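Labels run A, B, C and D following the written order; every chain starts at residue 1.
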Amino acid sequence: MSYSELKEKVYEANMALVKAGLVVLTWGNASGVDRNQNVLAIKPSGVAYDDLRPDDMVVLSLSDGKIIEGKARPSSDTPTHLYLSQQFDSIGGIVHTHSTHGTSFAQALKDIPCLGTTHADNFYGTIPCTRPMKPEEIQSDYELNTGKVIVECFRSRNINPADVPGVLVASHAPFAWGATTEKAVENGIVLEFAAQMAMNSVAINPNISPVSQVLLDKHFLRKHGPKAYYGQGK
Amino acid sequence: MSYSELKEKVYEANMALVKAGLVVLTWGNASGVDRNQNVLAIKPSGVAYDDLRPDDMVVLSLSDGKIIEGKARPSSDTPTHLYLSQQFDSIGGIVHTHSTHGTSFAQALKDIPCLGTTHADNFYGTIPCTRPMKPEEIQSDYELNTGKVIVECFRSRNINPADVPGVLVASHAPFAWGATTEKAVENGIVLEFAAQMAMNSVAINPNISPVSQVLLDKHFLRKHGPKAYYGQGK
Amino acid sequence: MSYSELKEKVYEANMALVKAGLVVLTWGNASGVDRNQNVLAIKPSGVAYDDLRPDDMVVLSLSDGKIIEGKARPSSDTPTHLYLSQQFDSIGGIVHTHSTHGTSFAQALKDIPCLGTTHADNFYGTIPCTRPMKPEEIQSDYELNTGKVIVECFRSRNINPADVPGVLVASHAPFAWGATTEKAVENGIVLEFAAQMAMNSVAINPNISPVSQVLLDKHFLRKHGPKAYYGQGK
Amino acid sequence: MSYSELKEKVYEANMALVKAGLVVLTWGNASGVDRNQNVLAIKPSGVAYDDLRPDDMVVLSLSDGKIIEGKARPSSDTPTHLYLSQQFDSIGGIVHTHSTHGTSFAQALKDIPCLGTTHADNFYGTIPCTRPMKPEEIQSDYELNTGKVIVECFRSRNINPADVPGVLVASHAPFAWGATTEKAVENGIVLEFAAQMAMNSVAINPNISPVSQVLLDKHFLRKHGPKAYYGQGK
């Protein structure tokens, strides 16, 4: 993939977040990775979406974050995107939003429980909320440490980031990812929708439990892995 | 009705779900039945709505589900649509959505109570939520068994599917139907709206009870059956 | 005002309800009164808004409801509109909607309390919910009795319908009115918005009380009556 | 800045409130200040947004509120805007809305707690709700006294209005401000969004506490003051 193709994809992902209603003001960003070329492209910091052009995307080295191409300052969340892309091999794209209900769960310091098949189709179980960050993690290298606390969350709870492609950062907001930038956007949309419906379902029935492992297996695996039978095949 | 007319109607029903805001991503499908020709037409699986064309609809035998016309793989929910259309004679069309509030009730494993005339105009009483499916029902023939658990729900609770043209599948989402594809779409819209208002009404007054049988009779029967007086007649 | 002017105004009011998001499907109607000519014009029954034309409005005698002009059957809610317009002299127009939050309160059998100035600007205190209708009131002359139970509500609670231009019909939905069709639409919008915010405010603080009489006086009277100072005057 | 530039900016701010969905009917207004010329420009009272033109903005003396330019009567909330702009030096623009969730908190007489970084990025802590106004404050000079109760709230609670650029007026609605009209609009948007998410977060976890001072410092100060590193710099 050429840099310009990658930048186009990342631009499209950023605009798709806006179109899906997941972004208010400039609170959101999407990145994409090309592992062959060992680069990550990301939205510039604090630019209004109306003014954004594919060529504004900033291309960085995936290894050390040095800017390879682009005049603008990259998103202030770049160290989080870089660290996640370095640590989670399955990632081809990441989206970060402050989507209403996902962020409401993050602020409540609560996981999003898997209460139905809408959630299970894209997330193989609970979408975790990280532990709150420690003062020293906040005070320096905050955005890098945001990535580290996410990775810690998945490893300590033994969650595979390819199976659960999203997370809530405590007191902050969601990140979601996927094998491609398109899939990352889709997972960001599903996370928000699952959060909204989980909030409603608990209001309707405070005693509700997560779905059974059997139903979770059925829905996730009919869309993912060797036995998938959803869609038009390849 | 020619196959192409039926496919056009089913296409319109699918697009109407999107326009009504009941569908996110590709979570939804509509089918239509022509009982004279003994066929069912349905949306293909996992195709983006923007790319959908009337001619993409798949026509199947209503008796055995064999594909009669169409190149695409039919919706993965086809066995549910087929079984419901076979078992419930009054069905001319079915819609399946993951509409926000209907799905929230399904995830909460709760019926939608009839709390007002908006609900009563289209549904003659409680919209039921099925029992949770058993592990063996999920593991094989899942979509067919989804149809079976719906039919069991209506028969065991002695509900007439022509009077209550919709259901919540536990931990999953709503299905709604009608004598025509247009009526199925309308019932899908009413189900979602009734669910939203029922959730609100219970939040406002946790002690609220369903409407009286007299009010239910009045509203349902002024729109349905020989004494209907709503609309412009025929 | 000529019949055609009145029909145009009533048409505009019906379309304004749709534009304001207060109407789903065909659940809503607006009427207007010309007291000089002793007529009421109203939307036809069950016609889709997309197909509605000014000339479809039906003109009836305000005294006895006989159709004076128009080919279509008038809204099934016509007897309610007629009775309210006959009994409440201040009415120049009426809107009936199933707007989400107003209807949610009606279904909860709860008044909308006046919790802030948004409500107080247009409604001089609590928006009442009628008592539930009796079986015999539902079984015959239902729509006329709906009007009667509204009038009874205002008279028994000593509420002036010019000061509180709206009501919730128990288990049904809101009606709102005004000196003109435009004002009736505005009051229908305010009722819905006040209901939504009242529901939220009680969720945020279950112990909240209605605003003081002093604040109510200030806000209602700065927009209504001889001491009004809001807007551009006349 | 010429009067016509100021009026253009104030006009744009008023229209931006509508575009952002913060304004229903005519419940909202924006003003802007030019401290060099000692003037404040504000929306006229009760004019429909569709009919608004930049030249309709009214220019007043910042010192005594006398009209300098403009034919229309200024917003009835003008004394509040004037007093705030006189007392809070950091103000370049003010917006007043009845945005849904901000107003819901105001009606609930509750501060908006800072539960996450979305809030912390623009508001350096709790967004306060004023005390209820006293009968005599309501009965005369109501709009001026609204300004006074806001200023009292900030001074008595020792809150810097440059750090917390917004407030809820008890039983009424939000005001937000900023160094420019654009920033005032942005802060009005953030206030509404923070209110919506705070309401949700408390529903999801009633025991949630405000974010730590360390996280608050990090987010507010990365966007404000000498150590800011968000955006493209200047």
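The rule is simple: a contact is a pair of C-beta atoms (placed from the backbone, for glycine too) under 8 Å apart; a residue touches a chain by one contact, two chains touch by 3 or more.
All values reported here derive from a predicted model rather than from experimental measurement.
S.K.: Identify the chains in contact with chain B as well as chain D, in label order.
M.R.: A, C
S.K.: Roughly how big is the turn, in degrees to the nearest 5, that lines up chain A with chain D by CA atoms?
M.R.: Going from chain A to chain D via C-alpha fit gives 90 degrees.
S.K.: Between chain B and chain A, is it the same set of residue numbers doing the touching on each side, over half shared, or a different set?
M.R.: different
S.K.: Quick check: how many Å separate the C-alpha centres of chain B and chain C?
M.R.: 33
S.K.: For chain C, jot down the residues that touch at least 2 other chains.
M.R.: Residues 202-203 of chain C touch two or more partner chains.
S.K.: Write out all the pairs of touching chains, ordered by chain label.
M.R.: A-B, A-D, B-C, C-D
S.K.: Of all residues in chain D, which touch chain C in the complex?
M.R.: So the residues of chain D in touch with chain C come to 24-25, 27, 44-47, 72-73, 76, 98, 100-101, 103-110, 132-133, 135, 138-139, 142, 171-173, 199, 202-203.
S.K.: Using the touch definition up top, name the residues of chain B that touch chain C in the complex.
M.R.: These residues of chain B touch chain C: 115-118, 121, 186, 189-190, 193, 196-198, 200-205, 208, 211-212, 214-215, 218, 222, 229-233.
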